[in-house]
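Some structures are shown below for you to check.
There are two complexes below, and they share subunit A, which is joined by subunit B in the first and by subunit C in the second.
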Partner chain A sequence: MIKKTLTTTVPAALVALALASAASAEIRIGASVSATGPAAFLGDPEAKTLEMLVEDLNAKGGINGEEVALVLYDDGGDANKARTFATRLIEDDEVQAIIGGSTTGTSMAILSVAEDAEIPFISLAGAIDIIDPVKPYTFKTPHTDRMACQKIFEDMQKRGIAKIGMISGTDGFGASMQAQCKEVAGDYGIEIAADETYDPKDADMTAQLTKIKNAEGVQAVLNPGFGQGPSIVTRNYKQLAIDLPLYQSHGVASDGFIELAGKDAAEGVRLPGTALLVAELLPEGDAQKPVVTAYKAAFEERTKTPVGTFGGYAHDAFLILTDAITRAGSTEPEAIRDAIEATKGLAGTTGVYAFTPEDHLGLDLSAFRMLEIKGGEWTLVE
Partner chain B sequence: MPKLSAKSATLLVLAALIAVTPFFFPSGYYYRVGALIFVNGLAVTGIVILTGYAGQISLGHAGFAGIGGYACALAPTHLGLHPSLAVVLGAAISAVLAWLVGRPILRLKGYYLAVATLGFGILVAMVLNNERALTGGPDGIAVPDLGLRGLLKDWGLELTNGQFWYFFCGLVLLAGAWIALNLHQSPTGRALRALHGSEIAARTVGVDVARLKLQAFVISAVYASVAGSLVALQNKFITPDVAGFMHSIEMVTMAVLGGAGSVLGAIFGAGVLTLLPQALTVLAEYEQLVLGLVMMLVMIFLRDGLLPSILRKLRGTGE
Partner chain C sequence: MSEFLQFLFSGVTVGAVYALVALGFTIIYNASDVVNFAQGEFVMLGGMITWFAHAAGLPLPLAALIAIVATAALGVAINKLAIEPARGAPVVSLIIITIGASVFLQGAAQLVFDKQIHSFPAFSGDRPLRIGGATIQPQSLWVIGGALVVFAGLWLFFTRTLLGRAVLATSNNRLAAQLVGINTNFVMTLSFALSAGIGALAGVLATPITLTAYNVGIGFALKGFAGAMLGGMGNPKGALAGGFLIGLIEALTAGYLSSTYKEAAAFVVILLVLFFMPQGLFGRKSTERV
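Coming up: the complex of A and B.
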């Protein structure tokens, strides 16, 4: 009799145990961002955004009833460390997907580990090399410099501008965008008549701007740059009374730029920015409006700091990943990857994502909004 | 039973540690950490020769690591060299540069080498950051595969990427330690230690002080260069961080923390400083604080470095 109960109850208990552990098997998402170090301006809002989103998601019951665990590491912007953390996330923490790589260097380091282990990876860095050529498990959320150039040239074309002057910072951001813009300018019938550069630490750019001003037939000026350089360019531009349209890059798409350049000097400056910057201005019915306003409110409430484009990249990566896991109904990396690649019409803060096997960026030019500064405020051009 | 020499004992301990610890690894990630310890250990062994034996300080050894690393990225694509030969080329360039920098400086006594190497290291990092067309700038550059793992596979020895680099770096470290230990007991090594003790005394007994210091500097530069190459080949990607000032400081700190006078001590220091940040990720923002505290405590209470101090305590021969 006892023997019989044993033979029936033991297997039953085992089955129950197996089921219990299957049900509590949480979804594990790994992240390695540069929360400290020289790239902290990228990684810090990214880390805060991810922590916030995971808490919110779990408070709402997780994905398909399963809790989500976030394993977050700070690589300090060092590619060697990022590779170690990527290995740790995959081999030791056994995550099902990785978000991260605040910089191109760290993203490239994580990418090779993730591809080897066949774990989906969503990068938060700008360079096109990350997804071109397309690698099966690697995706990214930020638009590329090339797209910013295209957006600007598209707007110039509409205004009948065919000959421009460029003044670029020699920092990583400025130099990369300068090269990309020169490559695509021809596609829009735009000729670059003057090409000047400045060091990001320079305090005065009037010499370069005077050269551009004196160049034959220049109809507009473009300033790819990051940090304080573009605000100095904008102020010098006003001082020299150059009466041509001035275009800035998405690198300075923040309220800080208007403050630094001054309301007067910034008047009429155009630049491509994300919907996040003009959340209130978006028309009702805009696909991005709900997600942008919700993220802005939640982030500013939690951190008491203004929301920025970079945190938005992390927000979108998390959104794409959780959306894919929900649709896949599985935590198998292979299934998650397939679901990410099948993402269609998913509205994030940076744009509306639609991935294909040939396109692992999933954004087009509509992700950028052409903005103009009027009276010290951002306005939508279109 | 014949007593083992200090050299054989060190090499045996090292070999045993490299061979046995993988049996206790809970996951593949620990192979990666092990490989990093060995690479750092190799660079720090070079510091032992320079600082521990000859008593000179370099604050720019990461510059040599950068040269070794970027040689592996650039030589195969631009010169068509096999990556293994690129390691040799990088080491040769590092040796020549060290000779050029060290020759005028090491005739002088005092802190001149520290200042000169500081400048040298920063210079290398600047070149790597700014020569975007060649080095890829701050975004880094891809490094071709060494190809040895594939070769081993053909011979029937299949290793994961992590396992391969763990054992490969372990073997290179053993070789590096063997050379450093041999040097320690050679006439050159004795002369180096003599000049460490007192340059004037060494000179009076006929030691060519300037030439020996230069030798030590060149050898240690080659160690750093090979370590840089191993990082690049292992990661298949390299950024200018490898040549950064903080990396130079890290090397010196590892050597001093573990005990700059002994090869095993320095490798132990490399192990501690590679493991600590991994172990401290749970503390997140306090990581730097704890790291600094550990180093201060070691410097105050264990001035010869961790390992020598601990060994002396064990033998009961404390002061």
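Coming up: the complex of A and C.
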């Protein structure tokens, strides 16, 4: 009889003890990303990156000698789930900061919960609405669509291009960037002479491209889009033998794009990408070179898949957060927030971050590198 | 003129893909009145398995063959495991089962393969053919040819072979078909195998143009279904005509009006046709006997 109570109570007590120590002695970071579902191409590398970084950090002794625990949820790209997980992270898991929101929708859901609870939140989504107007506890790591447009137009201006055609995907990414580009085109003296769209599932865009080709005075073509669309546009562009510079967006800045569009068709295509894509090409002494080469090597070694921009967003969020906690020497949400706002010259994979209480994006146009595809390889323009 | 020709080529390229998918719908529909919403997943599997086998080092024709056979086998499995146990259920329930099968196949593909976009080389190279100042990809001719061959095969099957007539008889009245000695279970199995095989063939032929990923199935199924409805569900002639018509309407609208309205234009035409001809352009007249 006594033996029986022992076997049941002892393990229970042990479990309780383990739980108690887990809850008190660690720095707890929460994350909700879209590791499955329609936004899995964003969330999958993000989740893998976070898991990898936490393991590495703890192997090196954690932050100021304390272990870091990661509570990771998969919201499947659903904003309602993201809101539930954000609440659970704060109330049940008692995290000190949240990383996540692979998409703008899930980020907006987490944002409202985190702001109410006054917990620092670093979003991994693109839309400028997340940090504009500035909210006290919300930050984000990716550059915005508008910055991509500005970078492209800056490059066009240098090449003396004043009149362009646009062909945009009607998916969220393409439509948002199309709108942003049209807004800032005037600032660079660029006129949009033809404005066509395609459905992301379309198999052929030669009709739209023929129209742009025949529009008068078009000097270059810009294709804001995501997924297979831009690859098909690039192939059709070659098929129609259009002899104008073609610009793609940062949405397809990966080796997969060259492979899908084909080496010949992609020749000469320019796009704004992050340093991560051209890690080997960066000059010695580039502030980002050590961090991008280290992340690229570690990620590719661990996952056997090529590194991408999106995993890099998660890398940077984790870097900003751990840097802030180290400097703050505290896990009080307010202290972490103040430390993030004091971040200066922190080199991540996306760019060099410098936050202020008024700027929660922390990046400028220098975060983008203008890249050109030559002989099936990325090269740096300039 | 060359502009019009280019729009035409664009429409025919896309239309041929729609037509091939639409043709896949006809057999299962003819055998059981069920619209198989997993048809798009068969197309996806055709592309994904071929890519997977090709990337593993197999020559492209062999990889394509494996993809078609494996997908046909999967079609049979779906019939045996999901459709046959529910025999006797109303057609609507069976259609819902095919939607479930579609979700399952998509999820499984995501796990077995990956979440990236893939392609494999076009069969006859990438050098576009120039005709009258317009260009067309050689792969488009493969898709068009594939659609025509499948159409001819189906038409002969349904009108000239005993087996094809057995399929039609099964759909007309399962009990009567059984009474005259038709093995209706075999007919259903056969129709799933054929439909899945045709779907996979569509995926094999179209992937060098459309590219493939685990989630492309729904898009294919929707456009193919629209094509089949426009032409008349169950009629191979209708599937062929409907698919090409939708592709052409989309391309001409994108070319002459605005690309923003091209999907809308296609669906307005479908609505109009179905309003005046509820059976589609080539559909059989439904005669309800009392």
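By our rule, the second predicted complex is superposed on the first by the 358 of 382 C-alpha atoms of A that agree within 3 Å, B and C clash if a C-alpha of one lies under 4 Å from a C-alpha of the other, contacts with A are read in each partner's own complex, and residues count from 1 in each chain.
In this text, a contact is a pair of C-beta atoms (placed from the backbone, for glycine too) under 8 Å apart; a residue touches a chain by one contact, two chains touch by 3 or more.
Just so we're clear, the structure is a prediction, and the values are computed from it rather than from any experiment.
Residue contacts after overlaying the shared chain place A:105 against subunit B, while subunit C stays out of touching range. Shared-chain residue A:206: touches subunit C; no touch with subunit B. With both structures placed on the common chain, the touch criterion links A:78 to subunit B but leaves subunit C unconnected.
Once the two complexes are overlaid on the shared chain, A:227 sits against subunit C while remaining clear of subunit B. Contact with subunit C, but none with subunit B, is seen for A:239 once the two complexes are overlaid on the shared chain.
In the superposed model, A:214 lies in contact with subunit C only, and not with subunit B. Touching more residues of subunit A than its counterpart among subunit B and subunit C is C. Judged by the touch definition given at the top, the superposed model places A:196 against subunit C, while subunit B stays out of reach. By the document's definition of touching, of the two partners only subunit C reaches A:256; subunit B does not. For subunit B in complex with subunit A, the touching residues are 26-30, 32-33, 36, 132, 137-140, 142, 161-162, 231, 235-239, 241-242, 277-278, 281, 284. Across the interface of their complex, subunit A is touched by residues 3, 6-7, 9-11, 13-14, 17, 110, 115-119, 126, 128, 135, 137, 206, 209-211, 213, 215-216, 219, 223, 251-252, 254-255, 258-260, 263 of subunit C.
On subunit A, the positions that touch subunit C within their shared complex are 36, 38, 40-41, 44, 196-199, 201-208, 210-211, 214, 227-228, 231-232, 235, 238-241, 256, 259-260, 262, 264-265. The touching residues of subunit A, counted against subunit B in their complex, run 73-74, 77-81, 83-84, 87-88, 90-92, 103-105, 108-109, 112, 116, 127, 129, 172, 175-176.
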